């Protein structure tokens, strides 16, 4: 490995646009980091936020969700539904305390092999510089509440609730 | 030795005055190449632009008259001036396709219109009839190192179906002829733009603007000099160059040669006979710099 | 909690209208049952402890006298109308007593095909507020005993009910404590927020009372109970707790009517309504959507607009 | 002449001078109606900046039979006859020929044109032909300057050209000048009889 | 599933150059559930496939992972091979270690590790795969055509000529639509009725076509191959079986002064009438709104004079049900009405053109009726106000069209051409007249179209003026048109005798209501939406419903006929098999857990989700759940992602499969 830390990145993609775009990157022999693992769906409309949660819990350091550009959906509106769903979900994660730099969304068409490479490369580099995501995996090892709050201000807030 | 080719010759008014170096050099060149030129006796003014500008019938009649006169001399009609060339060709073209106009002209000149004699510009004779290869062989003093911007102006190529000298929008005949002498031609943007022509008399301001653009373009392309085949273009670019420089604040010092001057020089005609002294922008420094005299 | 840190002076809230409401509910329930317009009425009756109130379903006009309305009527009765409560639906046509916040849930449930408007008679109650969790039921309603949600209530009058009973008193200005807490959390770094929620969720014992009481958690089988595949660890450990609360908040996004029953019933005092309120705030900002204000055919996450914001998408 | 450039056009069969359209078409040998106003002629015209009406508008005005507007403008006198428009027209509208026709019509009407310098130059040029058979630039320039009242125009150029042998102070008439005179007179005759335009 | 075979392809050297295929195979053998793993130079070659088939038999494999190129390349190949080996094809998956791995990475160690991960993910996926059987749907080989204009007629005749039954429903008393109203057609100037009426007669005489005129679609049930259509036959008050079409009733009807809609109110018709002489069917209807008998009961002349006794005042609207397998929607267009601002519309309207109050300002269709030889004036062009022949006619293009604020933002496509045609027709009929056209652009993309337009100018001497009209107003008996010629840059004023406005093309009124009945989508203008603008231009997203003509967007006759034939071809393709076979990647509802919130129905773009009632043995309704019609579902899976309890699952992409893949991380 060339770096101290190689992030694990999961890409949830639709088969018609982004998967095909990634295929195009391959047939065009473009090079990009090998960190990404692609999970194929018929449509971004099929991608459930629970999958993102699961991937984080299973140790993904970064996640990409990518599909057809608006108006290009093979199923007409799947990506429009996905757009709303993830617009909301990322707000929730942000509120819970997840750094949104770890969750990326993109439209990559079947003709955009270059864009796929660009997005995967940038995301890999970004996550690499951020280091591993331990929030979720640490929870796996925790059994119960320690009862202590690290930050006095947090404690004040907590006490008042 | 017998001449290889023989032509009747219509010099036109300018070649006897402001464009006399064109006439001199053309005669010198043709003599060197052993091409015969016999001037049509008592030719008239072709009417040039002013005539057709306001009186097409007069313009056509004048040219038809000249064509009739030319019939008396053997050989295709060689024309040096682009304007005369254009008028004579236009006349042939229009009268050839328009029956009623032909009849009017015949009535005006009181003679049958003769359209048979081919009218040829000097360039055409050199490039086609004489041939580039022979021209190349005839060169004794190659113009190596001279970077030329060949300027066609309007009337050598336009409108498309009249002069039929070369491609209307992308002619190469001047380049071909010049390159046969070893000179280098530069690609440039204003080869076919108008110089303002006869506005030189009535609206010189117009001419200064147009010729200024042409000179600037040639300079941008890195040319040492301009080459023309029309006395009117020559007048506007050479005679008025000083004024252009004053008007635009740009310095050009760009000699404007008639194409026959340079060809004759390359073919060994003595520079003294080529009228370099008559040019307003002195070409001598350039020619000396390039070791051509 | 007040951002300035100064304690709020205790203000008493006028609840004289509640007695009026009680009378009107009784007579309306009686009439509806007598005229056989409905087969049952879902409302509140007094509990065993003095001043307390519990949900009741009456079918006999004579029982109408049991019905009450008081600051102790905290429950959101809309839950009895979901398809999950088959035994209640089986009674036939229902009437239900609904506060403004409950009515929002009813509107949402109608949008989700849980019942049709014409199947239910809604007796709306004007409400100045109800008790906070843990308050003794016979205590007067004051700024100290009022539920947090009621501090920021915008639906004191249940517009859209078949009948509106009670009378709204002059309401004092109360500090929007939840709003202020949200602002405070929003101002934190993600890491700090994570610490906050981690500590909250870690306490969760997965009793699922929050789910039980939620009018929108009417699924026959909760995704989070499923074993194959297991979306969320079902045991009450930090990892699974985090998953459960995220999934819960996501599933309620755009649907939650803000009744805060989840938070009221939480034995571990986890501020669950904060999450719901946050999501509601985001949906309002993103799609100008507020759940339950009017019955809508489609929710914000079951519809879309081609021009939706996509600034977050590369 | 009233400036009619921007005034409203009231179109009717009376105000659209169809005869004018036909005359222009006959004189120029070019169709006017074919023009669909793409503007290519104006795009390439070296004289556009000196004109009041761009070339395409000239055609447009002819199409609408607006002869006064066409002839009142100075555009037709600023056409250099470079043929760029005619060469590039997608519809083979021979605008250069149309311009000739318009100048002829203006000339005949002793045109309402304001561009008298150009007209003067043309007249002198043709007079020269009539008088001498050929063009003598010195004379042309001198007479032009006198007639146009610009006595000092190109004052510095003359001696220079003379010294270079480019202008002849003296000139002779063509031996066969009579033939030219006959041509002029025959054309005049024909026009009188209506045999020629 | 525990007997999985993993087949790793070298793809020549395309994969093996960067991926250590043997190492991947070695790793695969250690994976849970993998019984067999091997690598081979070309898995897709015949020997490669043979190797796969043999391995399935030898190792009794229950699932296959082929690690090779993209599934987009060879999934079908290997699924076919799996099927040939006796496996359900959906138990075969491809791990893309070429396009997604060997071709995009150069580090052998990294690429090998990634390839192993990819294979592992797919092995886990296959372990959760289920056998899937292609879905078959029976097809009723009978087509419904809605709309009897040229689009509907063309589609009906094409399908019927192919031997299938067709039901054609038309709202008006006669078929023919707008084309029957036109005078002559561009760019050939052939008479519209001369080419239209024979087609209309063909329809009524065709043994395979059932024609319902004066009828409307009441409701639509079912799905592709199996639609059930309820049609309302409006009471004609004339028994079609008895009527001979003699026309005596129309002659004798005392009420003769009803403006004739077909002639754009330029002429009159009786209360019992056929819209135009060549109407098909040639059976009159009674306009009950204007008929004296129906108003006050004091007439009955038609019944008295009717020899066959066909007039029936008692006739009632009738509902009939037709079973069809496919629907072609061809409801056509209407013209933008400048008379008033449509209610609730953003259209600001054209008060500057007099809101239709100036009698000599008419629309294009009215001009068609004036120019038509069978029209109210017998083809003589006159002005409506005083019947005089107009000598100056001004045509104004783009009225409503291309005016996003005042009207509609789209181009109506046919106005440029028909206006050019109008100027020619006018010149042919009024030799000393002059036509003027105010226009912005001339849009003439079509065979011989631009030439036609140029002909109007160059030969017929129409004066085209580029620039729009600001206002028209009445001045004495003239209509003054204030315009502008932007080429000249001056205002233009014309005192016209007649002004013809090329008003925009809009969908028919009620297009949205019909779309809701059909479950098809429509745009903000109410034009019906095709499934894909380029690749599926005549299909609706809702399977089994097709579009023809101007109901989908403004269209001229050639385009309309082309699209109608294309729609017919689509219907015939559907009818070419007895059973419709579809890929089994469709959603399924777990009825046990579904609580019927119908979020799935809300997000389904195909209308594949229906409500299903679950009843007990006594027939009492227990609850309503969602049901996904496998004949309609396209398999996007949006429903599953939306369903809170995951009671709807997309076969082939179940949560179990996805989660299994994520477990390998």
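Which chain is which? They are A, B, C, D and E, in the order written, and residues in each are numbered from 1.
The rule is simple: contacts are C-beta pairs under 8 Å (C-beta built on N, C-alpha and C of every residue); 3 or more make two chains touch, one makes a residue touch a chain.
On a predicted model such as this, the values are computed, not experimentally measured, just so you know.
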Chains contacting each of chain D and chain E, listed by label: none
Leaving out chain C, the still-touching groups: one piece
Steps in the shortest chain-to-chain touch route ending at chain E and beginning at chain B: 2
Longest centre-to-centre distance from chain D, chain (CA-based): C
Chain pair with more C-beta contacts, B-D versus A-E: B-D
Chain closest to the middle [Cα centroid of all protein chains]: E
Chain at maximum distance from chain E, centres defined as averaged CA atoms: B
Cα-centroid distance, chain A relative to chain B, in whole angstrom: 74
Length of the line joining the C-alpha centres of chain B and chain C, rounded to whole Å: 97
Distance from chain D to chain C - Cα centre to Cα centre, in angstrom: 90
Geometric centre distance via CA averages, chain C-chain A, whole Å: 33
Residue list for chain B, restricted to those that touch at least two other chains: none
Chain A residues counted as touching two or more neighbouring chains: 50, 54, 77, 81, 85
Sites on chain C at which at least two other chains make contact: 223, 231, 301-303
Chains that touch, pairwise: A-C, A-E, B-D, C-E, D-E
For the chain C and chain E complex, residues of the former touching the latter: 82-84, 86, 112-114, 218-223, 226, 228-231, 251, 297-299, 301-303
Complex contacts: residues of chain D adjacent to chain B: 27, 29, 46-47, 49-50, 78, 80-84, 86-88, 94, 96, 99-101, 103-104, 107, 117-122, 125-126, 128-129, 133-138, 140-141, 144, 148, 153-154, 157, 160-161, 164-168, 174-176, 179-180, 182-184, 186-187, 190, 195-197
Contact footprint of chain D on chain B as seen in their complex: 13-14, 16-18, 20, 42, 44-45, 47-58, 61-62, 65, 94, 98, 101, 104, 107-110, 154-155, 158-160, 168-169, 192-194, 196-199, 201-204, 206, 209-210, 239, 277-280
Touching residues (chain side chain C, partner chain A) in the complex: 1, 181, 184-186, 190-200, 202-203, 223, 231-232, 237-239, 242-243, 246-247, 249-250, 253-254, 269, 271, 275, 278-279, 282-283, 286-287, 300-306, 308-310, 312-314
Chain E-touching residues of chain D, taken from the complex the two chains share: 5-13, 16, 31, 33-34, 36-37, 56-57, 60-61, 63-64, 66, 69
